[in-house]
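Before anything else, here's the structure in question.
Residue numbering begins at 1 within each chain, and the chains themselves are lettered A, B, C and D in the order written.
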Amino acid sequence: MKFSFKNDYSEGCHPHILQSLLQHNLDQQAGYGEDEYSLLAKKLIKEKINNKDSEVYLVSGGTQANLIVISSILKPYQCVVSASTGHILNNEAGAIEATGHKVLSIETADGKLRPSDIVPVLEGHMNVPHQVMPKLVYISNSTELGTVYNHQELKELSDFCKRNQLYLFMDGARLGHGLTAEISDLTLEKVAQLTDIFYLGGTKNGALIGEAIVLNNQVLQEDFAYNIKQKGALLAKGRLLGIQFAELMKNDLYFDLARHANQQAMKIKNALKEKGFESLSDTYTNQIFPILPHDLIQVLSGKFDFYVWKKIDENFSAIRLITSWNTPDEAVNDFIEIIKNF
Amino acid sequence: MKFSFKNDYSEGCHPHILQSLLQHNLDQQAGYGEDEYSLLAKKLIKEKINNKDSEVYLVSGGTQANLIVISSILKPYQCVVSASTGHILNNEAGAIEATGHKVLSIETADGKLRPSDIVPVLEGHMNVPHQVMPKLVYISNSTELGTVYNHQELKELSDFCKRNQLYLFMDGARLGHGLTAEISDLTLEKVAQLTDIFYLGGTKNGALIGEAIVLNNQVLQEDFAYNIKQKGALLAKGRLLGIQFAELMKNDLYFDLARHANQQAMKIKNALKEKGFESLSDTYTNQIFPILPHDLIQVLSGKFDFYVWKKIDENFSAIRLITSWNTPDEAVNDFIEIIKNF
Amino acid sequence: MKFSFKNDYSEGCHPHILQSLLQHNLDQQAGYGEDEYSLLAKKLIKEKINNKDSEVYLVSGGTQANLIVISSILKPYQCVVSASTGHILNNEAGAIEATGHKVLSIETADGKLRPSDIVPVLEGHMNVPHQVMPKLVYISNSTELGTVYNHQELKELSDFCKRNQLYLFMDGARLGHGLTAEISDLTLEKVAQLTDIFYLGGTKNGALIGEAIVLNNQVLQEDFAYNIKQKGALLAKGRLLGIQFAELMKNDLYFDLARHANQQAMKIKNALKEKGFESLSDTYTNQIFPILPHDLIQVLSGKFDFYVWKKIDENFSAIRLITSWNTPDEAVNDFIEIIKNF
Amino acid sequence: MKFSFKNDYSEGCHPHILQSLLQHNLDQQAGYGEDEYSLLAKKLIKEKINNKDSEVYLVSGGTQANLIVISSILKPYQCVVSASTGHILNNEAGAIEATGHKVLSIETADGKLRPSDIVPVLEGHMNVPHQVMPKLVYISNSTELGTVYNHQELKELSDFCKRNQLYLFMDGARLGHGLTAEISDLTLEKVAQLTDIFYLGGTKNGALIGEAIVLNNQVLQEDFAYNIKQKGALLAKGRLLGIQFAELMKNDLYFDLARHANQQAMKIKNALKEKGFESLSDTYTNQIFPILPHDLIQVLSGKFDFYVWKKIDENFSAIRLITSWNTPDEAVNDFIEIIKNF
């Protein structure tokens, strides 16, 4: 069987999680997120962001987190602003619109939003009451293109949002990868300070399922639990989410797993660079988009699974490689070996 | 720590499930329900209902299943009809209405809908286009009151729905318990023949999470997967659901677990009956509602957790006891012992 | 052709309105409610309620007003409470649910809500976050049964709502009739003081179309215009609504028309009473529900159109008669004559 | 007071409409569109499109018509495709998204959609079930830029939609203007043959309010009236809409009014052309976008109201002029005079 670089959710979960599930399996616990593991997970997250006034809710997946958060914040006539590469725009089957809200799309070079991207949108939506009102800025970190925000960029965006009465929401499906990128100077604590709401992705970083939504803005905390229940996201056995995030938050497992994924990707990236291959974009996280000759792609695809992302010309295409918390050295080395021998 | 009879989702999951999760943990699998365990689970379910033309989708929980199914079926002006005790009416935070649809409530004695209950609703909604159009009948089996449908009842309801161009949807959060009740003459195969759509509940019958939605009516199958994605219910690691249902469907584990829960409840019910206590309703599944004197309730609550359900008079209240796939004989015997000694 | 007592929207509009439409027809005016007639109408309404801080918006009809108001106020998980006879419950094709919100129904004897009706609903919805949160109380005056609130009743309900953080919304499709009922001690000014939001119905009181929504609670005023636009209720030629309400508000035309309708109904009611006939309910507005012998109903239906409302027994049925701003004495007298001669 | 070229809804309505409102004012009629004028209007429209199997519904305005039509057609996961200039995209406060549906935007040169514009959208939305499914093509005629479709263009688009299982919906807020443009070879009958659904705009062509939705595709006709009621668009006094469309459809009043508006615009356009001024786009309907020097704009704005649409450079800007069914020769001549004397 070929080794797959198609995504970071091909494997199960980190062994600590399975051990904990086994260990506590027959304990009787309260339902709906009131179990002791969920309470512990929330406590650990608040400690890591150093803010006991934030609130934490655990849900199953990214699309679910996005639609709950966005629909809980916006009034019917308000909309969300996203980079055109944003997951909510093109990869969630209209989940946001299904809750009644438009998503305004902004073209960007690298999947990141800057104040200068948003200003024209605000200026173009001042014909009250004929247009939707932009009220929420949605960003991803790392982005869907594998790029990351640095502290300065997030600070400027956060300040801009505050000045313009906009909420700032960070999709953290790959937040671990964003924060442990070698070029990142952001921390979880800073993310919590600079956003109104964000989530820590578990599904793509060693959990079976689970995203931890963190509400920093107290206005948005009011009655938030209702939204989780109403959208069908409140698990009777919340323990499943609690145990996973409790394990991921112990020591720095969450970050260690993401760092591993990033490092495996960087090894491949560097090997390709040495060989002189270019990339669609220069990323520092677990997604890379090298541009390779078709005959090399053919050789690689004999041994590995990955997506051919975009045809560049007659001879070259970009491929997408994603590494995970569990990508072994052996697979990486085999991949690099083929490249070197090409 | 007290033993809890509060619900059937206090514990983790059946050990077979954890074993399978462990065994397959590092296999790389396709995402979004295309993994081999999900495919196996679906195959096993289709075999059990003896209908290869049905389609099966695995989702996380009951409210999620209900809102996805109902919103996928109804046009904007159509509504669903439910017994007033229906879970969708009062226990899902308005999840159905949030998708745009009214739920019409019908008072019943035992939580079960019969054609004669629905006729007046149809007759009362003929002022086109000023009223919503009833189009879907929602039933639960076992019901929220612990009662069950027999074959004759379901057949009559199914025929009635067909004659009146109504869809019939069975919430099977506790379907295992319904079908293994000692008085039940229904089978999974018959349920599949008599409903347009139903689901097999896993969460309350030995899984960590999971409900298996079965679409028997081919009209309703069209493009159904979109609804799952749009409502945030498509897990990237669908393997988590697949492994659970594959295990539950092997041999008759699903039914064995439910039967165990029912039997434990029946032991307590019979002990109470022998002692002369009455019940709110005479149920044959894992939920019982005995009416007990307050001093006995006080004694029991010193050793067990359960809900006091309804005050009857100065001296008596009804309590609710729920047993599970994992309720041990020891707890049941201790409980009965107290009763006998009272 | 028979004279119709079927409803109060059978005729066109009061002649003053047509005169004004003619007179101003070719004036060029700003669109979307910024025309001078709309501004005048709003000014006159604010004067009549003696509150310059209220805001007024003109829309086309009652269902439209109801769905805009309710969806603008509620968060996704909040619901509205209504008497079971409320127009929003059974006569608007699920319009409120289509905006995402449940309507909780309360049985009442006379179509009016009292605090004691609402207390059990609040107490029955405290299982956070599993149930919808009641947040808005919807009442009609006059009610769908023709009954009216007096000042004391509205005051108690208003105080109750404030104490319980509930908004109070009065559907005033027939507000003119409610306020001019001979037994009413309410005024428009008091209604504005005691409700968060209400509307003045035009359609059923001499206008071609139009309801004037009055927002007294300043929290609810924020950005309200967006809701009107988004629901398709912002007329390009707002002048049509402005001219109508400007005319209705001049002097006391609005109240004179409603009083006329009430008086015509009372004449019939009194004639029936003298003859010894009973009623479904003792109303003082333009809707009456006399219980008549079938042979009298047959005679009346030879000359008049009306609805047979409810069969009482083998010999008697209740009919519904509605009078309007334009019901002539002749029709009323003819009707009474038949009764007297019976 | 300055004469306004700001829009085509500044004045009241054509005198025939007011005459008819006066003449029939006190007739008692059935409510909710069952009045004889509405029935007549529908009959006349069916005759003009030469299709007795089409169904016609009268509603108040364009945004209302758009949201009712689109939400009635689409399943929750389906979306509508529109030129980026489409009214539904940027001028309706998110009305379509509020019903749950995404609007995909396509950049065009002239506001018109061609099959080649739509192909890439279809190809880019094939990742089932992760993306919305395009199902409805929304076009306007005349477009928001004043351009028109010819028969060949509409035929090709219609054929393309049929081949791709897409519905075709024409927003006809200015359909009269589109069909009477001097370069148009389309007729109302052809429009009805080539679209699944379209509407005839009244508000911008001599009515006080009103758009006539015509459903040609019989699949879409089923239960359509419910959608009108549910969205608050069913007027109790449907006579107001019926009388207007009955008058507009008598003889060719509807087209005569639109042709007049077009001709007045063409006079100005030709005068500007003779003077050597260019336009943003070369339109043949009642909207023109001439590019004028700022000092001329200043002179014109002393005597006329209009919108300055877009700054071109230091010396020039485009303005938007809209003529109406009632724009008098005098205003046009005065405007042209100023241009000639510049």
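In this section, a contact is a pair of C-beta atoms (placed from the backbone, for glycine too) under 8 Å apart; a residue touches a chain by one contact, two chains touch by 3 or more.
Just so it is clear, the structure is predicted and the values come from calculations on it, not from any experiment.
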{"item": "Chain-contact steps, minimal, separating chain C from chain B", "value": "1"}
{"item": "Furthest chain, CA centroid comparison against chain C", "value": "A"}
{"item": "Interface residue overlap between copies chain C and chain D, same or different (over half shared)", "value": "same"}
{"item": "Whole-Å gap separating chain B and chain D, where each centre is the average of the chain's CA atoms", "value": "51"}
{"item": "Gap in Å, rounded to a whole number, between the CA centres of chain B and chain A", "value": "34"}
{"item": "Chain B residues counted as touching two or more neighbouring chains", "value": "76-77, 92-94, 98-100, 129-130, 226, 229-230, 234"}
{"item": "Touch-based graph of the chains, sorted into line, ring, star, complete or other", "value": "complete"}
{"item": "Residue numbers on chain B that touch chain C, as the complex places them", "value": "76-77, 79, 90-94, 97-103, 105, 127, 129-132"}
{"item": "Parts of chain A lying in touch with chain B, wherever the complex brings them together", "value": "1, 3-4, 7, 9-13, 15, 18, 21-22, 24-31, 60-68, 92-95, 98, 203-204, 208-209, 226, 229-237, 239-240, 326"}
{"item": "Complex interface listing, chain A residues touching chain C", "value": "32, 71-72, 75-77, 99-100, 128-130, 133, 223, 225-230, 234"}
